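Chain naming follows the written order as A, B, C, D, E and F, and within any one chain the residues start at number 1.
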Amino acid sequence: MKISARNQLDGKVVEVKKGATTAHVRVELAGGQVVTAAITNESADELGLAPGKTVKAVIKSSDVMIATD
Amino acid sequence: MKISARNQLDGKVVEVKKGATTAHVRVELAGGQVVTAAITNESADELGLAPGKTVKAVIKSSDVMIATD
Amino acid sequence: MKISARNQLDGKVVEVKKGATTAHVRVELAGGQVVTAAITNESADELGLAPGKTVKAVIKSSDVMIATD
Amino acid sequence: MKISARNQLDGKVVEVKKGATTAHVRVELAGGQVVTAAITNESADELGLAPGKTVKAVIKSSDVMIATD
Amino acid sequence: MKISARNQLDGKVVEVKKGATTAHVRVELAGGQVVTAAITNESADELGLAPGKTVKAVIKSSDVMIATD
Amino acid sequence: MKISARNQLDGKVVEVKKGATTAHVRVELAGGQVVTAAITNESADELGLAPGKTVKAVIKSSDVMIATD
């Protein structure tokens, strides 16, 4: 499947923390920065997310902001 | 200013491409992956965005999806 | 590729309308309702979107609101 | 009330599942496809959402992605 | 129509600026602060938006971030 | 830090309600209208959010919809 979202960042799962309905998944990108995704528990289970798994962090360009010091 | 968005990725602007109202800004992160942000032309001007500028790509965790092969 | 977004609706492209940087893509779902996506012109070109093409409309559950009369 | 979101899909609630603060509402569209919305528990209560209720799934076009096989 | 988005702020249109496909609409809230919405040109036309018109700025709570100095 | 999001509304926290992973933060704007933000519990703690604290509600213009009666 190819998708229109412009950002598809390669990384590895480092943590999956589940709440009542939402799971917080931390993904380490090449270069060591970490991205956090909030997805549903069902999605985390269906994708078989666990530390060490190779994944992509997918983000629409309209959801990315830029900040400067 | 500190902000609640969980993802604040350090990087450097590599390209700013302006349309009628929207600017597409490409930011190279440590490790070489590139993130694209779609922001307003006014924001791009106000932040003085140009290739080489040090910035952060800011993203709410609820806007990040996870994909697996 | 499998993705965490809960909504992956099957449909067929009925129209692609390009602006300066953004393309508006209309997708007819089974049952006849039409969904409109605003994606970048690059994505529309890379995915080869044109009327008649079979696609999925992908939407995070946190981006869906519910309205009642 | 009329709203600027381009997507206003007619459907019927088939399930409401509440977590600590977030409710997952599944809506069956004409044609049988199901859309899931993540809204607050307060909204689910205020709108009186329950299986069988006629509703609209409302989505901004900038929140819809397109995927192809 | 009632909608699940938690934020429905009363205000008055002060400016509508159209681009190729996207219109930037500025709405003055009670108390004088101004909110900017990026919506499609079609929506701006269909809603008859023009300076002086009474409207609501509608925002999902998951799209609001908090910042502190 | 300066950020590209167009909407940065001044206000004061009136309530912080925490769920399993998500906190609902209500902010009273000048003029008395209240904005609700859904952020992570970690963010609420890191920003030291509590009733009476001066904050900004930050929202991308592409996340704001307009409604009319």
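Before moving on, here are some points about what is shown:
Everything below uses one rule, namely that a contact is a pair of C-beta atoms (placed from the backbone, for glycine too) under 8 Å apart; a residue touches a chain by one contact, two chains touch by 3 or more.
All of these numbers come straight from a predicted model, not from anything done at the bench.
Contact with chain A and chain D alike is made by C, F. The angle of the rotation carrying chain A onto chain F, fitted on C-alpha atoms and rounded to the nearest 5, is 120°. Seen from the C-alpha centroid of chain A, the farthest chain centroid is that of E.
Using the average of C-alpha coordinates as each chain's centre, D ends up farthest from chain B.
Inter-chain centre distance (chain D to chain E, centres taken as mean C-alpha positions): 21 Å. A straight line joining the Cα centres of chain E and chain F is 16 Å long.
Inter-chain centre distance (chain B to chain C, centres taken as mean C-alpha positions): 23 Å.
Chain contacts: chain F has residues 1-6, 19-22, 24, 37-40, 43-44, 47, 56, 58, 60-63, 65-69 touching two or more partner chains. Taken chain by chain, the contacts fit none of the simple shapes, being neither an open path, a ring, a star, nor a full set of pairwise contacts. Contact between chains, as defined at the top, is found for A-B, A-C, A-D, A-F, B-C, B-E, B-F, C-D, C-E, D-E, D-F, E-F.
The residues of chain C lying in touch with chain E in their complex are 17, 19-22, 24, 38, 62-63, 65-69. Within the complex formed with chain E, the chain B residues making contact are 1-5, 19-22, 40, 60, 62. Contact residues of chain E toward chain D in the complex are 1-6, 37-40, 42-44, 46-47, 56, 58, 61-62. Partner chain A is touched in their complex by these residues of chain B: 3, 5-10, 24-25, 27, 29-33, 35-39, 43-44, 47-49, 53-69.
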